[in-house]
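Two complexes follow with chain A in common, the first pairing it with chain B and the second with chain C.
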Partner chain A sequence: MTEQVSIALGQGSSCWGCFQSLIDIHLKLADVLPLLDIKYWQAVVDYKLSDLESYPDKSIAVGVYEGMARTEEDVHLLKTLRAKCKILIAFGTCSCFGGIPGMANFYDIEDCYDVKFRNNKTFSDGEVPSENVPPIESIVRPNRHYVDFDVYLPGCPPTSSLILTALTSLIEGKEIELPPHTVCHYCSREKKETPVPEILRPFKGNADPDRCLLEQGYICLGSATWGLCEGQCVNKGVTCRGCFGPPPPITQDHGAASISMLGSYAPLLPDELKEQVPDPIGYFWRFDYPSSHLGNMRIKREDAKNAK
Partner chain B sequence: MPNDKVIRVDPVTRLEGHGALTIKLGSDGKVKDVQFNVGSTRFFEKFLEGRPMEEAPRITPRICGICPIPHHLASVKAVEAAWDVTPPPAAVKLRRLLIEAKQLSSHAIHFYALAAPDFVFGPFADPSVRNVAAVLKHLPDVAVQAIKLMEFGQELCRTVGAKAIHPTTAIPGGMLSPLKEDERDEWLKKVPEMLENINKTVELAKNVVNMYIDVVTKVAVTPTYYIGLVNDGKLDIYDGKVRVMDPDGKTVAEFEPKDYTNYYGEHIPGHSYATHIYYKPAGYPDGIWRANTLARCNVADEMATPLANEALKEMREVVGRPSHHTFAYHWARIIEMVQAAEWIKTLLEDPEIVSTDVKLSDVEPKAGNGVGIVEAPRGTLLHNYECDEKGIITKANLIVATNNNIAGIEKSLMDAARFVFEQKGHEKLKLPDPLVKT
Partner chain C sequence: MSTEAQTQTTEKEWEPKILAFCCNWCSYAGADLAGTSRIQYPPNARIIRVNCTGRIDIEFILAALDLGADGVLVSGCHPGDCHYTSGNLKMRARWALFEKAIEQAGIDPRRIRLQWASASEAQIFADGVRTLVEQVKEAGPIRRSWE
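On to the complex of A and B.
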């Protein structure tokens, strides 16, 4: 038997979907699990955080971090994993870019507290919890502001087959090789290179099942998005919202690229575009606002405020 | 008090998400307080504001990777309620197929991966073996049947929802993709093996329940209110009215989702970012309710499918109705898994499931206020959005399944802690030899 690879899996603030996708390799688990020596995985094995903290630095071969760092505890776990593991993987779009929960940065944290704890339809005059819970960071910073990663595995969540490919490479000690194509490459729809007449919201009409959705007017981020998902939405009639982030180099600004993509397909005047796209920031920066150029300015603003 | 002792379990393992447990013991050895500390939150209620409402079903699944499908569907139902849209019947059948498939895989994973290690290896086995990887090693047959059930459920979700995790096909007015006939045929072929694995699981579960009957009937027996969806009195996870049962087993409310604010209270605890939901007319903490498998089996008069209904009767003979036995949640989970399997078979055999009439083409946004409720594996899930005349969200209130249970979890942990620390009851429990000795 090949020697076991030691691994620690940590969960920041996340939805568990990336880990669920790992579990969804199904019967392959029987091949992969015996090759892994799981040193920490809170939801699955009964080791405590103090166990993880007590391992010597760089003593674990692989670390995996799911989610973004919303609380001080998340930041601590992220840094601990970095210290203990030789290779650290940003696992999933939240971990790579900030993900959907990064949209909280559209607002001030106090406004977030208001609807979550102070006043909403089912409660009033509540207070922000503070006993035996870790403090919340006022802003979501991309994980790569806190630590360096060796591998980025985007996707919300990464597909099970992508995870299996990555794990197999790690176990065999090989580089992970991933195809660079965008989602369009995997989409079975035909592009006729005709301009978009008008932007349609996705519930409008019934789309032609054989033609490019974008060319029919439905906003689709396929041409600006890394196709590691192999086009699972677009091949089922659903527009791409870009959940795998930009194609390599993945540090490029996905939102900005998506907007210029739309501009080249839809020759509309800026005013018309503004009128027809109801929520550009939520459409184009849905998955990667914290790590985008715009999002970085937002973080700087927060830093300036906190420095006062 | 200097002599107080604080026991902290951090993190609580085998629970997805951030949970820690704080138990405070007085100097007299009495349990003074039990806190379940949920240590994170991501503010979906806030950042839904400003989004076009039809995008909510694509955003909110990210609340939970275990129950993205219930979120997707509660969300789309909320939008449809706000815009007065009724999707075609075939679309509703596809959504039901989707949520039943999820129920199947989620219950299978919960039973086998999160609960079974204790039952199989015994609760006092070494942590390095008390996990699912060890189940795989020591009981490969059991593991394979578990994985096949999960695979069936997750892959069926992928067929209907485009993605098994964070599905995308439901849209206000229906579904973006019909089920193709050849897809349906492929799935029908897989049904017999799935049913066989369900039967084996039921056998295993019965065996385990009998072995641990002392634990089931004596530990953490905690009377609370219960909440769940019922459709004509039958247990339903996609649609129906919300029913609330009091600790004595009396139905105290049955209401339409839109009226929820009369019945739902939300307590903001000082020690958890997850709030506590309770039955408002009874106040907090008296009105603490629990959701999830056992709650649904308590509030429903009967199951919606025949084999599941037989199983429910069997359980009620042992634990009664309502059952307050926290460990009976595992039993109820198996009963619901049977119902999901029966539903899946019925739906796949229904010719309408391959209808292409699955989406309206004339949906228009308007200003409105909509509530959508479904049952997630862990309990009743509610989305409520308000929007302006363009259909842009102005306010969101989300009551996720787990929050219905947190106060109940504290209560039952309190009972368990008293049992262990005050009565030393665990020393007297009849525990069987584990199935696998380590």
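On to the complex of A and C.
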């Protein structure tokens, strides 16, 4: 038996979907688990944050961070993981780009409090909790603003096969090799070079099951998105929403690239487009607003406000 | 020079930095003509020549604003006149979504301008630059808009 690889898995603010996907490797877990020496994984093994803090620096081989850093505790966990682990993996789209929770940056934190706590429809006289909970950061910053990562594994969630590939390479001590193709590479639909006549909302009409969804007018971000998902959604009849973020180099602005892509496919009149796409920022920057240029300008505005 | 004096001079002398993308076939030639015809217009625009406005990724514009450009101008051939038949129509479609997105993101739409100026329309090009510079002067330095 090969030597065990020590691993610490931390979770920031997220839905646990990425770790769920890790567990979804099913029977392969029997191959992988014995090779892992879990040093920290609060949700699964009984370790506390103080245990993680007590390890010597760089003593753990691999760290995995899921989710983004919404609370001060998340930031602390993220920095602690970086200090204790030799290799740190940004696990999932939230961790790589900000993800769905990053859309909170469209609003001010006070507006978010109003919706979530103060004027919550299912609750009367709500107030923002301040006891027994960690303080909330005023804005979602991409995790890479806090620490450096060695590996980015995007996906909402990363597919089980992708996780297996990554884990196997790590255990064997090899470099992780990921194909750079976009989602279109894996899509089996037929594509004819026709411009899009009009943009359709997903609930309109019946899509031809064999033709490119984008050409039929449904906004599909597949051609601007990294295809590590191997085209799961598009082959099942759902448009790509871009959850894997931009293809390498992944520091590209995915939303901007998607708009540029859509403009090329659908050279429609501006007024029509504005009417047919009611919420461009929410559609094109759904998964990566904090790490985009627009999101960065938003963070600068927040910094300037806090500096006052 | 004391810090206070320095701030004062910078504030007094602040001139907007405008990045202008001009297409090779119409607007760049139009800008050239504006120069050779000695048309007066503000010197704030730094022109980048691109083959076609259809080549301009929205990321270029956002990166410019993110890196500190106070305004961005995109100038191309009139719709229907594109050297590559439809590049400017693609830019026009992108622009519609881009414009809406930056308004949603809380960035002053006065900082951006899309215009059409053919190779003979030096005056239109110059007026466009002037309009944008005036708009951006009203909006102020982009750094200050974060405050």
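We take it that the second predicted complex is superposed on the first by the 308 of 308 C-alpha atoms of A that agree within 3 Å, B and C clash if a C-alpha of one lies under 4 Å from a C-alpha of the other, contacts with A are read in each partner's own complex, and residues count from 1 in each chain.
FYI, a contact is a pair of C-beta atoms (placed from the backbone, for glycine too) under 8 Å apart; a residue touches a chain by one contact, two chains touch by 3 or more.
From a predicted model like this one, the values you see are computed outputs, not experimental measurements.
Model built by superposing both complexes on chain A: chain B and chain C fit together without a clash.
When both complexes are overlaid on chain A, the residue A:191 reaches neither chain B nor chain C. When both complexes are overlaid on chain A, the residue A:298 reaches chain C alone and has no touch with chain B. Once the two complexes are laid over each other on the shared chain, residue contacts for A:86 go to neither chain B nor chain C. In the superposed model, A:263 lies in contact with chain C only, and not with chain B. In the superposition on chain A, A:106 makes contact with both chain B and chain C. Of the two partners chain B and chain C, more residues of chain A are touched by B. When the two complexes are overlaid on their common chain A, residue A:252 makes contact with chain C while staying clear of chain B. Of the two partner chains placed by the overlay, only chain B lies in contact with A:206; chain C stays clear of it. In the superposed model, chain B and chain C sit 140 degrees apart as seen from the Cα centre of chain A, a figure rounded to the nearest 10.
Contact with both chain B and chain C is seen for A:279 once the two complexes are overlaid on the shared chain.
Put simply, the nearest alpha carbons of chain B and chain C end up 10 Å apart when the two models share chain A.
Chain A residues 106, 279, 282 lie at the interface with chain B in one structure and with chain C in the other. Across the complex, chain B is touched by residues 11, 13-21, 23-24, 26-27, 29-30, 33-34, 36, 38, 42-49, 70-71, 73-74, 99-101, 103-104, 106-107, 111-112, 114-117, 120-123, 126-127, 129-134, 136, 156-157, 201-207, 229, 232-233, 235-238, 241, 243, 278-279, 282-283, 286 of chain A. Remark: chain C residues 54, 57-59, 61-63, 65-66, 86, 89-98, 100-102, 104-107, 145-147 touch chain A in the complex.
Residues 106, 252-253, 255-257, 259-260, 262-264, 266-271, 273-274, 277, 279-282, 284-285, 292-294, 296-298, 300-301, 303-305, 308 of chain A touch chain C in their complex. Against chain A, in their complex, chain B makes its touches with residues 9-11, 13-18, 20, 22, 35, 37-47, 49-52, 54-55, 58-59, 62-66, 68, 109, 113, 127-128, 130-133, 136-137, 140, 143-144, 147-148, 150-151, 154, 158, 162-166, 168-169, 171-173, 176-177, 261, 264-273, 275, 277, 359, 361, 363, 365, 384, 390-392, 395-397, 399.
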